[in-house]
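Two complexes come next, and they have one chain in common, chain A, joined by chain B in the first and chain C in the second.
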Partner chain A sequence: MRRTPSWFALTVSVVLLVPLVVVVGMAFNPGAYSVFPPQGLSTRWFEAAWSNPSFRRALGLSVQIAGITVVVGLALALPAALAVVRGAPRVRRAVQAMTFGPLVVPEVLLGLGILILVNRVAGVGNAGVWSIVVGHVLVGIPLAMQVLIAGLSGMSPQLERAAWTLGASRMQAFVRVTLPLAAPAIASAALFLFIFSFDNVSMSLFLSRPGSTPLPIYMYQYIQYRADPTVAAMSTLLIVVGLVAALLVGRLGGLTQIAGRSKK
Partner chain B sequence: MTAVDTATRRSAWGGWSLASPLTVFIALFFLGPFVTVVQSALAVDGGAGTGNFLRAVDSPVFWRAVGNTLRTSLLAVAVTAVIALPFAYGLVRKPRGRQLMLSLLFAPLVINGVVRIYGLQATLNLVNQTLLDLGLIRTALPLNYSMTGIVIGLVVFQLPLMAITVYSSLARLDHTLIAAAHTLGADRLRTLLHVVLPSAVPGLVGGSILVFANSAGSYILPAMLGGGRVLTLPQLVYNSVTTDVEWGYGSALALILVVLVVPFLWAASTRQRDTGVSR
Partner chain C sequence: MTETPVPYLRLSGVAKTYPGGGGVRATSVDLDEGEMLVLLGPSGCGKTTLLNMVAGLLEPDQGSVLIGGKDLTRVPTHQRNISMVFQTWALFPSMTVAQNVAFGLKMRRVPKAEQRVRVAEALRVVRLEHLADRRPAQLSGGQQQRVALARAIVTRPRVLLLDEPLSSLDHQIRVELRRELRRLQRELGLTGVYVTHDHAEALALGDRILVMRTGEVVEGGEPREVFARPRHRYTAEFLSVGTVLDAEAGSVPGSYRTALGVEVTPAEPAGEQPYGAFCLRPTSIRPVGEWEPGSPGRSRHTATVVSVEYEPAGISYGVQIEGAPVLYLFTSRTDTPTALGDRIVVECDWTEAIPLVAA
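Presenting the complex of A and B:
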């Protein structure tokens, strides 16, 4: 195997990053129009974005929704992942079949379905934050499950049994042996749930209402009416957030878990 | 009995109780909405009927949307496959910097679609501007707000997925086979065609199915990059729900979209179970 890098792969990787570089560049332009390369370096658009109350509200809402999504998602996925890894084959197959649905069906249909269902049950226009959470959990669970199952199945159940023989109760053994070992996988799953929710567009589009507008939807609407670099500044903030999250996932070994290859 | 004895029997009951919160959630919020959409699609004045579906079939806008959806998705699959193959092969054969390149490839995925598409549109405009300034073209190319733009966007978004499936597939190739082919007298081209390519095919097929399904079901990308000029089926669904407030019609359209997409995804998952190719 040759040690020189594949130039084609390198070129492709770099080309794919160009759109992000362009956006970041545009954010620093002093003038009130979106140009690249920037004609100077100004942080006025970052200040404009940050002092925009609608932007802050949308950002806060997205963070809130993502946070709730993580909690609900983990609460549902962690026990289910344990059931898959430790339970009978019938349970495993049932759970895997269940998580297959949200993965396969387009978000457009799911969003529409939740919208109609909520309107029938709770009255027109009452969609709001919780229906968005439901949609995000639905979309994020399949991936969270995969990460958790990969992480948990790498763990030997002998360790828990060893704790039992040493006198620990089942709950003690679970909390003090299994959970800490599963912590990287749980953290990875939490990060993925957060990112999926924070970045979600399709589901949120159907379920957002004036007053509960998550950040991607706010930006989508903003772009349609204004062309100043504020959008680029907002985007740059999001790019930074995303890359930080990606770094965290990388350190937790999330990517290798996704690719299905064991880290050990 | 000790804890060890009771627990060593694989507990089906314990499994079900652990899995029950998820089961309830899926039943309420996946099956529920799905059934709701079917009901809504079949709801016609005075009862159940296929009125919404017939209306779709009669609508030229509908057929144009279906055509646009299929065209953009199939083109996306073709272009992505052509790029992913040498990309994955390069990664497999030359490991230097592989981790970095995989990270670069997947990094954009953590950023939301609106930002990425906005950046892509800015880039496309920049390309046009540069070509015009350099005098290489006289009028701007139809990159933004066109089918070309949509396909480019779809390729950019789906390439990581296709690349990773082809890579997984190629990674199973035994390198000694390539050496064996050389010792038997095959030149590079023949080795590539007869040894490497067949090994990549499962990944290509699996990846194509996924890329097609994702592309066909995508709303925001064709909406932004098509600029309203290229309507796809997901856009029709969204428009009928928000602008026209015609939930029944929108539900029927959504179901038609599902019929277009789901069989492929189902096929992909069965293939994954057979060949063990990782998603």
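Presenting the complex of A and C:
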């Protein structure tokens, strides 16, 4: 049963979407300047972006960093989420205190802090891919945990106990009973981490170095020298990736989880 | 030379204390193979704690758990070869009914062909073969419970443990499943431990019952015996055996003065502890006409009717004698019902009164 959305919801959605529509529109403009609405429909800027080796390198780096962030972030967030959901109250408080810290600190400060640390430890100018990953993982973990905790807390611990009584060891019970039920939450957390890392600007700004820039930073630098719609084309790519991820998360039931309510 | 057989299940001095309170004091009980032990008591009495220690989900602070002659106290749950049916059924939502039932067999590496046969058999026993491919979410409560039962018996466990499995079901289904469970347990010769707060279930299912209160066993024995002759005030009250009246020492040694002012000398003298109460069954109290002759051992009282409850087999009246607690009597005569507020004469048969230890 569909409910007609309220006027308020519609208005807010439009307001949020207008900048995206403008950017996508500009990307199709045949002329060499960014105007909206576009004066025609041309895909030359998409071709231009694609044939730019720096762009491809930046895109590849963004995907690489996002991929590593997902793997490392999940590997750390999943046990932490389990500790919060299943653990004794003291454990839960400790884990929450440790992992929610990065959410409170501004990303810019975190990025700066990591930069200073890396400079001291590894020498000036050595920040790069791994520093960026560290930054993304630090802020990504608590975000991923939100999704995971919402997904896991809907699950009764009786199920694992039932599995034990039927002859499953703790590991078997976890793999055969808990993981399949947590799969949607894990997938949502993974997608969420990916998008977070892929779109991240604040920390990547501090931690990238020439030749090692993720896509958003590359675009930021590009705009400082040129005004053509190539950047709009690159932005369209980012928008599409984000949309696809959001759709997937929605289908997995993850959107309500991110909003803080578990799927029931 | 005949050896006394080792009981199949033996708990010796098993105890558990929680830092926040609760738990269970040192408890010992023996159970023979094929018998069903029922742990009966209100929430928090420790019955589930005891059950969990038999299952291995909790480790006892002291004492030992022996099953089939083997000390399993430190053995983890999944190696004990027991099965458990939970109050919330705990069926695996991502698997079908057949897969749920097969889970235990899969964990024990039973070959697939044999799995199929045994799963089909278990489902046939609980009469759910036609639902083998459904998911738990598509089943009713009673059906889910039957699946949980099939899942628990298919592995031929040494001991079947049941934690209030029928509490979340409607009355009608509960009675039906209770009977099926009893039949199944008997047929398969399963040894079981059943936890409940419902005395009707305890009496219907148990070969032995333990009545529990705040962490300890108050009384135990065969259900029939415990119901016919409870020893403890708590037991009589919990099993709703009848109206319990306080009593104190009477004028003569061995006699007791009850709350109704009547002095009673029970046939069975008290043991170490003096009696502190008497229980009158609902059938030991009856309304009488004043013209009826009395008899020794019976007392008459005038009372006001304060409650009338209709039951399938008759009517239950609550009557208030001045200065005394309400007495509950039961009569199968429904032809001349007495109304609320009527003053009637009741006769109490003290020869049938059950002396009880209090505290």
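Operating definition for what follows: the second predicted complex is superposed on the first by the 257 of 264 C-alpha atoms of A that agree within 3 Å, B and C clash if a C-alpha of one lies under 4 Å from a C-alpha of the other, contacts with A are read in each partner's own complex, and residues count from 1 in each chain.
The working rule: a residue touches a chain if its C-beta (ideal position, glycine included) is under 8 Å from a C-beta of that chain, and two chains touch if they have at least 3 such contacts.
Only a predicted model underlies this, so the values are computations on that prediction, with no experimental measurement involved.
In the superposed pair of complexes, A:S6 makes contact with chain B only, with no contact to chain C. By the touch criterion defined above, A:G101 lies against chain B but remains apart from chain C after alignment on the C-alpha atoms of chain A.
When chain B and chain C are set side by side, the one touching more residues of chain A is B. In the superposition on chain A, A:S197 makes contact with neither chain B nor chain C. Once chain A of one complex is fitted onto chain A of the other, the partner contacts of A:W164 extend to both chain B and chain C.
In the superposition on chain A, A:T230 makes contact with neither chain B nor chain C. In the superposition on chain A, contact is made by A:R86 with chain B only, not with chain C.
Applying the stated contact rule after C-alpha superposition, one finds that A:S212 touches neither chain B nor chain C. In the superposition on chain A, chain A positions 161, 164-165, 169-170 are in contact with chain B in one complex as well as with chain C in the other. Within the complex formed with chain C, the chain A residues making contact are 156, 158-159, 161-170, 172-173, 176-177, 180-181.
Note for the complex: chain C touches chain A at residues 55-57, 76-79, 81-84, 86, 88, 90-94, 103-104, 107-108, 151-152, 155, 161. Within the complex formed with chain A, the chain B residues making contact are 2-4, 7-8, 10-12, 14-16, 18-19, 21-23, 25-26, 29-34, 36-37, 40, 83, 86-87, 89-91, 93-97, 101-108, 110-116, 118-120, 122-123, 126, 156, 159, 164, 168, 175, 213, 216-220, 224, 234, 237-238, 241, 247, 250-251, 254-255, 257-258, 261-262, 265-266, 269, 278-279. Every residue of chain A that touches chain B in the complex is listed here, in rising order: 1-10, 12-14, 16-20, 22-23, 26, 34, 36, 75-77, 79-80, 82-84, 86-88, 90-92, 94-95, 98-110, 112-117, 120, 134, 137-138, 141, 161, 164-165, 169-170, 195, 198-202, 205-206, 215-216, 219-220, 223, 231-232, 235, 238-239, 242-243, 245-246, 249-250, 255, 259-261.
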